[in-house]
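Down below is the structure, laid out as structure tokens.
The chains carry the letters A, B, C and D, assigned in the order they are written, with residues numbered from 1 in each.
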Amino acid sequence: MKIKAGIIGATGYAGAELVRILLTHPEAEIAAISSVSFEGKKLSEVYPSYKELCDMECGTQDEVVEKSDVIFAALPHGLSQELAAQCDKAGKAFIDLGADFRLESEEEYRQWYGCEFLDHDLHKRAVYGLPELFRENIQGKRIIANPGCYTTGAPLALAPAVKAGLVSTEGIIVDSKSGVTGAGRKPSQGNHYPELNEGFHAYKVANHRHTPEIEQTLSKLSGKKVTITFVPHLLPVNRGIISTCYARINDGVRFEQIREEYEKFYKNEFFVRVLPDGANADIHNIKYSNFCDISLHHDKRTNTLVAISAIDNMVKGAAGQAIQNMNIIFGLDEKTGLVIVPPAF
Amino acid sequence: MKIKAGIIGATGYAGAELVRILLTHPEAEIAAISSVSFEGKKLSEVYPSYKELCDMECGTQDEVVEKSDVIFAALPHGLSQELAAQCDKAGKAFIDLGADFRLESEEEYRQWYGCEFLDHDLHKRAVYGLPELFRENIQGKRIIANPGCYTTGAPLALAPAVKAGLVSTEGIIVDSKSGVTGAGRKPSQGNHYPELNEGFHAYKVANHRHTPEIEQTLSKLSGKKVTITFVPHLLPVNRGIISTCYARINDGVRFEQIREEYEKFYKNEFFVRVLPDGANADIHNIKYSNFCDISLHHDKRTNTLVAISAIDNMVKGAAGQAIQNMNIIFGLDEKTGLVIVPPAF
Amino acid sequence: MKIKAGIIGATGYAGAELVRILLTHPEAEIAAISSVSFEGKKLSEVYPSYKELCDMECGTQDEVVEKSDVIFAALPHGLSQELAAQCDKAGKAFIDLGADFRLESEEEYRQWYGCEFLDHDLHKRAVYGLPELFRENIQGKRIIANPGCYTTGAPLALAPAVKAGLVSTEGIIVDSKSGVTGAGRKPSQGNHYPELNEGFHAYKVANHRHTPEIEQTLSKLSGKKVTITFVPHLLPVNRGIISTCYARINDGVRFEQIREEYEKFYKNEFFVRVLPDGANADIHNIKYSNFCDISLHHDKRTNTLVAISAIDNMVKGAAGQAIQNMNIIFGLDEKTGLVIVPPAF
Amino acid sequence: MKIKAGIIGATGYAGAELVRILLTHPEAEIAAISSVSFEGKKLSEVYPSYKELCDMECGTQDEVVEKSDVIFAALPHGLSQELAAQCDKAGKAFIDLGADFRLESEEEYRQWYGCEFLDHDLHKRAVYGLPELFRENIQGKRIIANPGCYTTGAPLALAPAVKAGLVSTEGIIVDSKSGVTGAGRKPSQGNHYPELNEGFHAYKVANHRHTPEIEQTLSKLSGKKVTITFVPHLLPVNRGIISTCYARINDGVRFEQIREEYEKFYKNEFFVRVLPDGANADIHNIKYSNFCDISLHHDKRTNTLVAISAIDNMVKGAAGQAIQNMNIIFGLDEKTGLVIVPPAF
């Protein structure tokens, strides 16, 4: 029998992407969906691309919890904590695509999001769902904090070097460039076609909320508190994030060692592709898929590692990774339903 | 046992798209691929998006024919006739994505392509593979002329009205707009990013080679010789064709009748979606999929039918339809491997 | 002394474009600007590209009328009539970029816009400002109805043939494709970057408000009532309109005759460039300028004229033409301030 | 009498942009143009946007030198040295948009470009034409090395802080993102529309030829040898470069001091706009113009300055700056012909 999957916030971009992938997942089926803005409407009225593929109506949050084995929530921050408790009480698995359970430190959560932890026990039982780095923690869990988009790409680009102590954890710079879907479905002046098209700019320079989340992951890997400089930019494309990460190579470490470490680290990871020398990670090559491509570069003149990752912000950076987490907690092969071939163009 | 599929011309855009779809086809596998320009190279070196998914090397045409049950050829016109004979002799099915077998009239082929029919018997045994219109002819055949891109979208938009005699077959105008992949992989000044981006223009006005092919299909449906005006334009997007088709409604015919005819005509066609009143066919909603969306509009002031179709030129307009034809001739459910959800964005 | 120009609705796209062009106009200066939404704000806060070039504050409509010799109004329809009366009373010239004075027939205005003529005398004194077709009517006038975007490109493409009676005025089809700025500055779901990008669709098929305006112009030229089929589409580019116009060539008329007629007709028109045989009008070549490029094509098989025009919807289709009209009514060389070189890329 | 300007390499993108700007320059006129690939062709045949504005034919290099007071050369590196000598001998001013005279160190030139200095005296008399930083050196000179695109944007973003010693010159990182025109007019697979569109990637990571040129400028400003890490990326837009520059703030320096220094430094520079707090430099706001917008950001957590500049790579990064240099050496107001309003969209 198939896993019954429910989606809360199905009409947002992450929700819609969950639908896209779940529709062809061989071991799961969409049991129910909800949306506050479009309750009573068919999903295919909101997204005509889904016509005749998902004409399901948007119901209420309670209906979704009731009908599903696993609930995916794609909600603005602050709204997931009570929902998690509700799912937990009902014995359902809960995968949160929002930010409520990502930060382990309540103080950081308060500082960056202005909210409190409602139930500390729930937070303790939640696990951060970045499988390539924390797989063993995820297995057997029921509350998963699915990482944000920037917070998947940048840590995957840096993890092997940071964990093995090959680079300095001081002065790390993450310069990211994201496609527009990262900003969500709500129209705004900044995402209005004529004002974004043929434009490019940074935003929330050095104060984006994903900063402490990236630092939390890098700190865990390195064993010491890591502080980074993080600058996101808005790319005039629909999908994809490039994170160009700069770290000083430690004395005595050869670049070839770093490359070997990456290849070993990701040897068994289907979704991470370490590119050969000379290649450059490109969002073009991972669009619509759950892959994370990583290219490694050596600035010999300053002995700096430049590690660049490319992910699809809506797949490996949101819906795909959420389903990867579902596969893990339900004991399926992690790739199930996720072998999506990135189109060649 | 899976169908062994071979691709000749695998490194062109249509070839690459065949690979994308075949890689997840449950009843077929890629047995061999060839490319003149990249012989000896891995496909994933040409298209890095396929890394670790299709690292197969490009071999020769003969190897492909030998190892495959069905051969897909994505070649410039003129090169398929001998290959078809070779496949035929070897008892293999042959699906031609090129133009050599599309036109039934040798005179038209000579006039528009400047070539001759090498073997008339072969041409007689070939069938035009537009399943929604000619399915019964395709079943049991071994040589399939897969239609071109414009020649799929425009006829599907007009077929029900033309076949039922609801519109005049005189004065039909097809104004099409195609994404850039239709022009192939070879760089040219016209497809150079800075000169195409933020641009838009018509090309080959009233003398594009797909004209006689569209006319051939419409003539078959109507039972009389149809001559159209066809103007293609180049859209600054990667994929998709919109065909805006204009036909005068015959006296005494109500627009509602036409809509009913379309709904009846395509009732059992999974890949054709007739949109409800008020909707507009949009390439956004069919990208990467095998769907053809059709919207119907009535210009009451001139009593004209405006029928608009949207297809992905590389899928329903090339590789997807070719695999749909493979499914038919191998007796599979036509949808096998082709239930690709068009992304919502 | 320079002409004092005022702009009402300066923060909309047409208003902003008036500013861009007027800032380098040698014989005019911006005396005042207004905006309901941004009153009290600097224009350069709304459009940072104008920083240090136009830091003028948005004032009220009354201030603009008071300080200016000529008032440009870029307002939603229905709001210009009273303003025109106010300007008229104050002895100021009034150039309306909205629709209120474009249609001469009150019945059509009522039918398409749902409004009435408030002052018939004012409407009689207003003139339709398409200089290449009606220049002599414009000279000496004080109330100018500046044509809409589609209603500039399509008539210019058809005018010489229609006026000289070389084509049939029955069955004319205008298939237009417009850049996104035509829909204005207000964000909407349809113009949200991720949903428009890589998309393309028709809209308001056969019921766009510019239809009667195009017909009015063609009817004047031909001397009989012309009814057309008009279908606009939305292009994923910022600027530009291509209008592909189809008209049956009258018996006995040779295509070469038509070409000669166009060349003669536009011989002295600086802003209209009739392209040589083989060229295709492209929005790429007229962006940011006041040019209208026209390419002529003959469908020999159906004896149809395909006349294609390219204009920048915000320049020749709005602000540029408005300034061209200002030049005319103030007795300046029509090109003054409008020799903008369209960038090569 | 107007300055007679000649352009060698007029059909490349930088050449075409020189034409665009010179056509409306009030004190200069285009005397002659040349092109190896298009000799004998009209410029407007290569760039139809220039039809009726510049129908001049491409002649030879010698003709250009003969007919002009100032020669702009937009040539691949290695070809300018002899030309400079030829112009010098003929008593003409020479402005080189190529790389031959940019590096003062022959060793660096050899290392990065593989060429030698042919005439050391000529190199000594050449001056690096970045007016905002080296204006006084340029006045009175006849051989100008016009900076490259990255090498304009990054130094302008860092200059005030580096010159005043407010930031460390060690560990400076420049992460740049350039529009596609930077790669020139020649079609290639990498710039083929379908493969670049919706893509984004770094290239020449830490080994781009502009690296030593940026370092040369920063070293001059700081008085000590500066080594940087420079990573360029390719943006899917036509024009514009964002350079995101990271530098550690020196102990005891407050961020407000840095901002004041920038405002003072660029107070009288028309072409540099230091944006207010909270704004982000955006290529959208400087397109087609000679402006350089700079936004300043403080990463308080790591005490890092993030200085971001936006320029149009073809204007301030090439043709516009070249004309600014021409204005200087001919004693004109530096802004002459360069007050181009960047369009609001």
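We take it that contacts are C-beta pairs under 8 Å (C-beta built on N, C-alpha and C of every residue); 3 or more make two chains touch, one makes a residue touch a chain.
The model shown is predicted, which means the values in this text are computed figures rather than measured ones.
The most distant chain from chain B is D, comparing centres defined as mean Cα coordinates.
The interface with the greater count of contacting C-beta pairs, when A-D is set against C-D, is A-D. Averaged Cα coordinates give chain A a centre that lies 39 Å from the centre of chain D. Chain centres here are Cα averages; for chain A and chain C they lie 47 Å apart. Chain centres here are Cα averages; for chain C and chain D they lie 37 Å apart. For chain B, the set of residues touching two or more other chains reads 13, 181, 194, 196, 198, 236-239, 282, 284-285, 287, 345. Interface of chain D with chain A (complex): residues 171, 173, 175, 177, 194-196, 198-203, 205-206, 211, 227-229, 231, 233, 235-240, 242, 244, 246, 248, 280-284, 287, 295, 297-302, 304, 306, 308, 310, 345. Of all residues in chain A, only 13, 16-17, 19-20, 23-24, 47-53, 181, 198, 238-239, 270, 273, 275, 279, 282, 284-289, 293, 339, 341-345 touch chain B in the complex they form.
Chain A contributes residues 13, 179-181, 185, 187-189, 191-194, 196-198, 236-238 to its touches with chain C in the complex.
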